[in-house]
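You will see subunit A twice below: alongside subunit B first, and alongside subunit C after that.
Moving on to the complex of A and B:
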């Protein structure tokens, strides 16, 4: 079983049998969901996978490579509009749209990244915000391609040439899940390679990695492109499951929620996916029932609680440990 | 005929108005062991950095094996065969020791690079630490790991910036063993404050003075020019302990009772008991990994002790106090490896710790601190930064002063001043506790020397 854990060796060292089993269990539960849940909840699950992929993309940059980002929504938009355009002009084939969206987002990121990846830290963060805001502005102005603020609607995708379009929410959800597992598996392999180790090295001690003879700038550009490709894939999945995209689908709020999903739990790919699922559940299931129209208040409270919870959990762990005196 | 590995010509470097290197000319022969010595702030680290490529000079050229590398970035110089270590070991905390080294083995699949790394670690006696995260290694192990990482690329030029800083005599011996096994095909450039290490390694020594090239020659000839050589190998006379009867008449200022502590599952300190008395300098010696720094971190309030521990200052229980509360209560600590806050000036840094440049300069008898209040701390040399932090702590005139390895990176003359300053602090009834390696020259001024081993203190 390929482990999706990317939080590094630290997490691996803490991995217990229970944690090791949690990934297969989570995947099994995710696969079983369409047979258990109603169509509306499943369509929310599909969107959670889209947000989860953007979260994985943010995790790759922020946690692995040490480059904080609030602009991955831009690449979701580029991927999404590419898939939509393809659907309207060339093909309704979902996997083809996925490849094209990935390639388009990667190409855009390569162009932007040449400049963006010369910066680090807060400057990089602000650059990604600027890229996100600019992309959203272009999406609402370039009406001929994007449909402007009304967005673009497309026909359902086909999975295989000359087959019927997929319309049922359960199948679309399974398609999204398969895309996410493929992306996650590929990234897991990548992160275990020399490339992945080098990225962690750059995040922790860039000068050391340079002294090893590595042109760190190229690695940083490459990871920026890969992260954008993942977000671009999320855009194609969004088109597949929702048949529609507008400027706000890749906006700042989406980038921010993706970053929060990435960092709020265990800082692993699985954790990012779960974080995204919790966000969507709170926003679209819990909030309408409790605080109609104020989902963001509930989300804000959720994240404050999660941040406080981490610190409380740490104290509780120390207090429960007989070797320490409940040290803060 | 021996070639020239490194040819430095007219090398000048300025940080703002401060000229750190002033038209230095230097030739380093291929295969030689070349040491650069000088006081804190003489420009040693800057010179090494400019050779290795971590900065660009204001003026002058650097040639490596006949090729002008002045404008080449760090990684290109590494690809040409340069390798280096830093004053503070630069290891990748988030990776294991094996992966730290494996990343430096180039053009090899990761699997065989890891095998080579395990081999190197085994040879250095660090085999058991291979799968530990670098963040969890003791300071001395991090140094060895960094050296092995630098060696893993089989460099033609190896640059070592103060490799012995913060190591015990025993560890310096181990490190020396590693350095002496470096192949003759590798040119070695090293700076260090341990003259014992310089004498054992170097065949040529260059003395830098205020950023200028003062002398180059045989080690014995050049070392004679050094002002009061900070020879860490000299075995200091240990003062006779103050008689127990007189001490018991005085109440201890800093008291530690039944202190146990762990790092993960590793039990480091066991039922440790310690009293530090006003007017007395107590030194704790111990090898790397003995728990010296853990003890200081616990005293500072930065590492958890087990439940039954009690820590008090002047009878006030501080066991459950935060780091800030302890500092306010009069317990000042200087941790090993702390840095001043980048972006601040010397004066800002001192203001943050509740003092000013003049007071701090007086506290450690270092006039430069008063004169350079407006200089930014990141442009100070490693030894100057350490002096600044220690001066900060001394200037607070607190009830208890705890210093972990305070002389790290300090030149000999500064160590002498620190010794006098500690005596003055003790004369003001401060309880002084310092932890250090068994060979530290400061031990000469300690009233009491205790040895930390197997998690507890013993008379040395």
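Moving on to the complex of A and C:
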């Protein structure tokens, strides 16, 4: 039932009219949320924005560039620890932390990407899993920077120099939302450019794009770096809204949930954000009520449902495709 | 120096154990085309079986755990193969196996109580022998022996036997094999069953040195992934070499310089990737 609903929603949102209407509606609903919901639910909403940004990062690699990834949590961790270190030593200014986190994640990705983007497809997916989990291991061992398994706690952020720190959940949520909209807007512009089109071309047929004289390797490395920068921004937002980060915040499960959020609905940035909201709601609102302490069972079921929904949708697409004559 | 060699021996035991897990993972991916991310959960299931049946170290319990492990591992692998036959896309397979793994780990965790458990080796194997003037646990030598025999058998089966030829042929060209009158689907099923059985078996075998504990599943999965990526997808010799190096990093380096171990594993992965110079034009079969 759930899978059919998800497939149905996905099919509906593919039509342009629905897609055009869905973005302003979703943004308006997201902005109105703090006036409607209680503080706990809003703090979950803030985390959903963090996960949503990681999901956008995963979407950019997996769907736009055709490079499936399960390791974007690594760059959330790098961004988050950068923001935390900055907060403890230099400045409590949130936007500055955001910029530094983005830059740090991008730099790390440029170094790792030189190797990782030599691979494609399944090998790339395997590599990203390993990079993600190794980063988590490093985070729990490099105690002097990360605080080890206990993690790092920081003071609340300030938005503007010499102003009071922001502590109320509603304002933090709106700050997170503003960050997400800024990142999303920048990405939307980028994807409409020649660069975005080339990426989609590479995802569809890399050899042909190469035959057109494009050095595809540079594009792939660049999109890997940009995706990491988005996840790094998510790390800074995490520090802003939750004031704490530990190794598991960028772990395998987070990367996997981000991929799930990216794929579960319409495979658009709005869809990835909505997917993240659904996942956080299932994990932190539905699961405690239904299966106290065993949220992973529900999340596992969500993964299975998403795969089933995607398979059903693919089969429906094949059956509707006249070029195959309905024969899969 | 003798101490270093003893630790290095631990690394060999762990490396060979990991090789058994990674070989199953590599066969699932390379032959059956199944992207198996619940492999770590299967290893954890083996460790849990050992704890349930043989925590106090009895031969009966240990043998029962091994047999139940082989059966459940084969059943899990076979079930997954049948399920994923309808899910050809690797990304969807990743979603399915992550989901199944999450559920399995959650069930197992409520079973063993989410704390590190110890499992005693069976009687006769729980003692120590003197090696280079130091006491060394017999059980670790047993693991080395069993895992070495298993690895050799696996290698010989895949490289030299007729079923092994079929397995490699299915990996290369399933349609061609189908024209010879062999259903590729059956070979896929057999390979997945063997892979599942290997993972759970290794979990039972390794339990006396690495009992059920939170995070064991991700550790084993990651190390196996590093082994097959660094060793080269489909290369059994490369995987064996990578497994032995990973085993050393996880023991010798972890003793001498604990912070460096994850960095070295990352370096191993990157060097493996760089060395095998996957050309950009080699796009994999993943959508």
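To be clear about the criterion, the second predicted complex is superposed on the first by the 287 of 328 C-alpha atoms of A that agree within 3 Å, B and C clash if a C-alpha of one lies under 4 Å from a C-alpha of the other, contacts with A are read in each partner's own complex, and residues count from 1 in each chain.
In this text, contacts are C-beta pairs under 8 Å (C-beta built on N, C-alpha and C of every residue); 3 or more make two chains touch, one makes a residue touch a chain.
No experiment lies behind these values; they were computed from the predicted model shown.
When the shared chain is aligned, subunit B comes close enough to touch A:198, but subunit C does not. In the superposition on chain A, A:184 makes contact with neither subunit B nor subunit C. Look at A:126: by the touch rule set out above, it reaches subunit C but stays clear of subunit B.
In the superposition on chain A, A:311 makes contact with subunit C only, while subunit B stays out of contact range. By the touch criterion defined above, A:137 reaches subunit C but does not reach subunit B. Comparing subunit C and subunit B on the residues of subunit A they touch gives the larger count to C.
Contact with subunit C, but none with subunit B, is seen for A:252 once the two complexes are overlaid on the shared chain. Once the two complexes are overlaid on the shared chain, A:209 sits against subunit B while remaining clear of subunit C. Residues common to the contacts of subunit A with subunit B and with subunit C across the two structures: 207, 210, 216. Every residue of subunit C that touches subunit A in the complex is listed here, in rising order: 29, 35, 37, 86-87, 89-96, 98-103, 105-107, 110, 218, 221-222, 225-226, 228-229, 233, 258-259, 261-263, 265-266, 269-270, 273-274, 277-278, 280-286. Partner subunit B is touched in their complex by these residues of subunit A: 8-10, 13, 193-194, 197-198, 200-201, 203-205, 207-216, 318, 322-328. If you check the complex, the residues on subunit B that touch subunit A are 52, 54, 73-76, 78-79, 83-84, 86, 90-96, 99, 102-104, 106, 110, 113, 133, 146, 149-150, 153, 260, 262, 304-309, 319-320, 322.
By the touch criterion given at the top, residues 62, 68, 70, 112, 115-116, 118-127, 129-131, 133-134, 137-138, 141-142, 206-207, 210, 216-217, 220, 251-253, 256, 259-260, 263, 294, 296-297, 299-304, 306-307, 310-311, 314 of subunit A touch subunit C in their complex.
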